[in-house]
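Dropping a structure here in C-alpha cells format, bear with me for questions.
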Amino acid sequence: MATVKLIEYAQASPEVRAVYDDIMATRKIDAINNFWKALASHPPTLRRTWETLKSVMAPGALDPLTKEMVYLAVSATNGCDYCTASHTASARKQGMTDAMLGELMAVVGMANETNRLADGYQVEIDELFLRRD
Amino acid sequence: MATVKLIEYAQASPEVRAVYDDIMATRKIDAINNFWKALASHPPTLRRTWETLKSVMAPGALDPLTKEMVYLAVSATNGCDYCTASHTASARKQGMTDAMLGELMAVVGMANETNRLADGYQVEIDELFLRRD
Amino acid sequence: MATVKLIEYAQASPEVRAVYDDIMATRKIDAINNFWKALASHPPTLRRTWETLKSVMAPGALDPLTKEMVYLAVSATNGCDYCTASHTASARKQGMTDAMLGELMAVVGMANETNRLADGYQVEIDELFLRRD
Amino acid sequence: MATVKLIEYAQASPEVRAVYDDIMATRKIDAINNFWKALASHPPTLRRTWETLKSVMAPGALDPLTKEMVYLAVSATNGCDYCTASHTASARKQGMTDAMLGELMAVVGMANETNRLADGYQVEIDELFLRRD
Amino acid sequence: MATVKLIEYAQASPEVRAVYDDIMATRKIDAINNFWKALASHPPTLRRTWETLKSVMAPGALDPLTKEMVYLAVSATNGCDYCTASHTASARKQGMTDAMLGELMAVVGMANETNRLADGYQVEIDELFLRRD
Amino acid sequence: MATVKLIEYAQASPEVRAVYDDIMATRKIDAINNFWKALASHPPTLRRTWETLKSVMAPGALDPLTKEMVYLAVSATNGCDYCTASHTASARKQGMTDAMLGELMAVVGMANETNRLADGYQVEIDELFLRRD
C-alpha cells in the first residue's frame, strides 16, 4: 500500500486535474495510473515530473520505443518493480516484441555483470576511450 | 591501478591469445583494452565473458547501436566509470551523435528519478500493467 | 516470508529479551516489529544493531526528525521496502507532514537524477569543491 | 575527463548563457561549475535540470540545509563522487558543521546496513507500518 | 506475475527441454524453478545463462557453499528478492547453518555501511593497498 | 581528497588514540589507514565502527578469509573503490590466491547478472524456496 493517499480524479484539485487531463490526452488513455495518483499528494512534484517526462520521452534524436527500452533497462537495473512493470507494458505498446525484450534483458544482464567485474578489478580507463575534441 | 596484473599479449598463454585474437578480429582493432587484460588473470572468465558479450552484442532483433546505448544507460546507472567511458566510445563509433547522447542521458536521469519516487512512495502496480497471455 | 524464523518474546532467550525490553522502553511501545524478530535469529547482530541504532538516532547535532528523514531518503534510494515503510511511519510520528514528505521525495528524486547525470557524463570535480583546511 | 565537451560561457549560445546567468544570480556566485558545463552539451537538459533543481531546493516545508544534507546522503549512498563533493561543499556553505556531517554519515551508514539486513532476511512489513487514512 | 509467459516443460521446444534436462540432472532435482521458465522466453539467454552458471558454481578454488554464500551476499546487497530466496535455500542445502547465515548477514550489513562511509567521506586509497607485482 | 581532515596519530585525542592503538594491536600493523583517519573526524562513529568491525570479522562459524571475500564481493557490487582496494589487500593477506579471486569475481559478476534478469522479468518466488520451520 502506498505511503500516501492516492488522489482520485473525483477528489482532485483543479491544479491536479489539469495534469491528469494532459496525461490522458497525451497518451490517449482514459484512466490515470497509481504512480501519478501518488505524486498528486504533492502537486508541484506531480506537475514537474509529468512535464519533464512528457518532453524527455517525446520523439527526437531517439525514437519513443528506444527510449522506453532504455527506461526499462534502468528500472530493471535499479530493481524498481513498479517501473519495470509499467515500462515493460509501455514498451510493448510501442512495438517491443518478445525477441526484442529477450535481447534487451540479455544486454542488461551482461552490462550489470561486466560493470561489477570492471569495478571489482579496478580496471583503469584506457587512453583510447578518452574524449578528443 | 588494477588489483590484478594485466596480461599483455606478449606474455599471454595460447588460450588467452586465442581470445585476444578473436576480440581484435571481431572488432577490427589492433590492440586489447585493459578490461580484457584484467580478466585474463582468470582465463575461464576471460573466455566466457568474451563469448557471451560477442553473441549478446551481435545484431539481432535490436541493432548494435541500440545495444550500446542500453549498455551505457546501465553503466551510468551503476556509476561504473570504466564501462561508461568504454561504452560511450563504442556507441559513438556505432553512430551515436551528441543529440542522441543528450536524449539518452535525459532518459537515464528521468528513469533514476522516477524509480526512486515509485519506491519511495511504495506505489502498487496497477492491474493494467500485468501481463496477459 | 522471512528466510529465518521470527523470534517472539515468549520464546526468546534472556539475552534477546533484554534487547527487546530496551527497544520497547526506549521507544515507549509495547510490541516488537518484525525486523528485530528476524535479527534475533543471530543474537550478537540483534544487540549490536540495536545499540548502534539507539545511539546514532538519538538527538545530537541533528534532531531526530531530520535523522528519520535522512534514513527514509537512503531507504527509498536503495529500494528497501521494509525500511521505507517503517521509516515513513517513524518520521510521521516525529512530526513529518505530507508537505515535508513531498519535498523530501522531490529532493531524493532529483538527487538520484543528477547523480546519474554526473556519473554518465563523467564530470570532473571542480577545484572549488575540494576541502581546504 | 568528461565524455562531452564542457561549454564555457564565452562559447555558449544565448539559450545556455541565460541559464548560466540565472544560476550565478540565484546562487550569488560568479562562475559555473563543471556539472552545468557538461549538461550544456544538451541545452534542453540543462534548462530543465536547472529549473527543477532551483525550485526543489528552494526553502519550503524543509529548510535549504536539510535539503542539502538529504542530497548528500543520497549521493553518498549512490557513490557519486562529483555529487558528494559538490553537495558537501554546499551543505557546509549552508551551515553544516563537522559534528552535523559526522552524525549525517553515521545515519547514512546505519541506513545502508539495515536496508541490506531487512532485504537479506526478507522481513515482511508489519501491519502497524501501513498507512491509515 | 512475470512480465513474460513462463515456459513449462510440456510446452517447451527441444532446445529448451535440453537445458531443462541438464539443469535437473546436474542439480539432481525433478522440477524447474520459475527463473529458468522465464529465461526460456528467450532460448539463447536460457542456454548461455545456465552454461555459465553451471561452470561458475562448480567446485574449484572455492567450494560450492562459499560460492552460494557470496551469491547470497550480492543478492541481498542488490535487494533482489527472488535471488535472495533461492540462494538462501541453495546455501542451506549446501550446509549453511543459522549461525553461518547470521555471520554472513552481519558481514554484508557491515560492508554496506562502510562502503558508504568511505564513499561519503571520499577517502583516498592508501599506498599500501595498491597491487605490487 | 577526503571531505574531512584526516586525523593523524600525533594530533589525535586520547579517545581516538585508544581506538588507533587497538586497531594496530588487533591487526598487528604499525600504521593506521585513511579510512579510520577520516572516521576519526567523528569519534563516536570511529569507535562504534571499529568495535563492530572487530567482532563481525573475528573467526566464528565462518573463517576470516571467507568473511574478507564476502566483504570484497559486496564492495565490488557497490562499486566502492576504497573498500575494493583495501579488502582485496586484506583477503590476499588472509590467503586468497589469484585463482580464488578469479572465481570470486566470476560469482560476483554472475550474481549481478542474474539479479537483474530476475528483477527485469519480475519472476515470482517458487513455493519450494520458502522457509519451512
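Should a chain be cited, it is by its letter among A, B, C, D, E and F, assigned in written order, with residues numbered from 1 in that chain.
Convention: contacts are C-beta pairs under 8 Å (C-beta built on N, C-alpha and C of every residue); 3 or more make two chains touch, one makes a residue touch a chain.
Treat the numbers as computed from the prediction; the structure is a model and nothing was measured.
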What is the set of chains touching both subunit A and subunit B?
-> C, D, E, F
Going only through chains that touch each other, what is the minimum step count from subunit B to subunit F?
-> 1
So which pair out of A-B, A-F or B-F basically repeats D-E, with more than half the contacts the same?
-> A-F
Interface numbering overlap (same over half, different under half) for subunit A and subunit F = same
Using only the C-alpha atoms, find the rotation that maps subunit A onto subunit D and quote its angle between 0 and 180 degrees, to the nearest 5.
-> 180
Tell me, please, which chain's centre (mean of its C-alpha atoms) is farthest from the centre of subunit A?
-> F
Based on the averaged CA atom positions, which chain is farthest from subunit B?
-> C
Between subunit D and subunit C, distance of the C-alpha-averaged centres to the nearest whole Å = 20
Measuring from the mean C-alpha position of subunit C to the mean C-alpha position of subunit E, what distance in angstrom results?
-> 27
Could you list which residues of subunit B touch at least two other chains?
-> 1-4, 41, 44-45, 48-49, 52, 56, 77-81, 84-85, 88, 99, 102-103, 105-106, 108-110, 112-117, 119-122, 130
Contact set on subunit F toward subunit D in their complex | 3-4, 41-42, 44-45, 48-49, 78-80
Which of the residues in subunit A end up touching subunit F in this complex?
-> 72, 76-77, 79, 81, 84-85, 105, 108-110, 112-117, 119-122
Partner subunit F, residues of subunit C touching it in the complex = 1-5, 44, 48, 52, 55-56, 130-131, 133
Contact residues on subunit E for subunit F in the complex?
-> 1-4, 31, 33-35, 38-39, 41, 45, 49, 52-53, 56-57, 60-62, 66-67, 69-71, 73-75, 77-78, 80-83, 85-89, 97, 99-100, 102-104, 106-108, 110-126, 128-130
Contacting residues of subunit E [partner subunit C, same complex] = 79, 84-85, 88, 98-99, 101-103, 105-106, 109
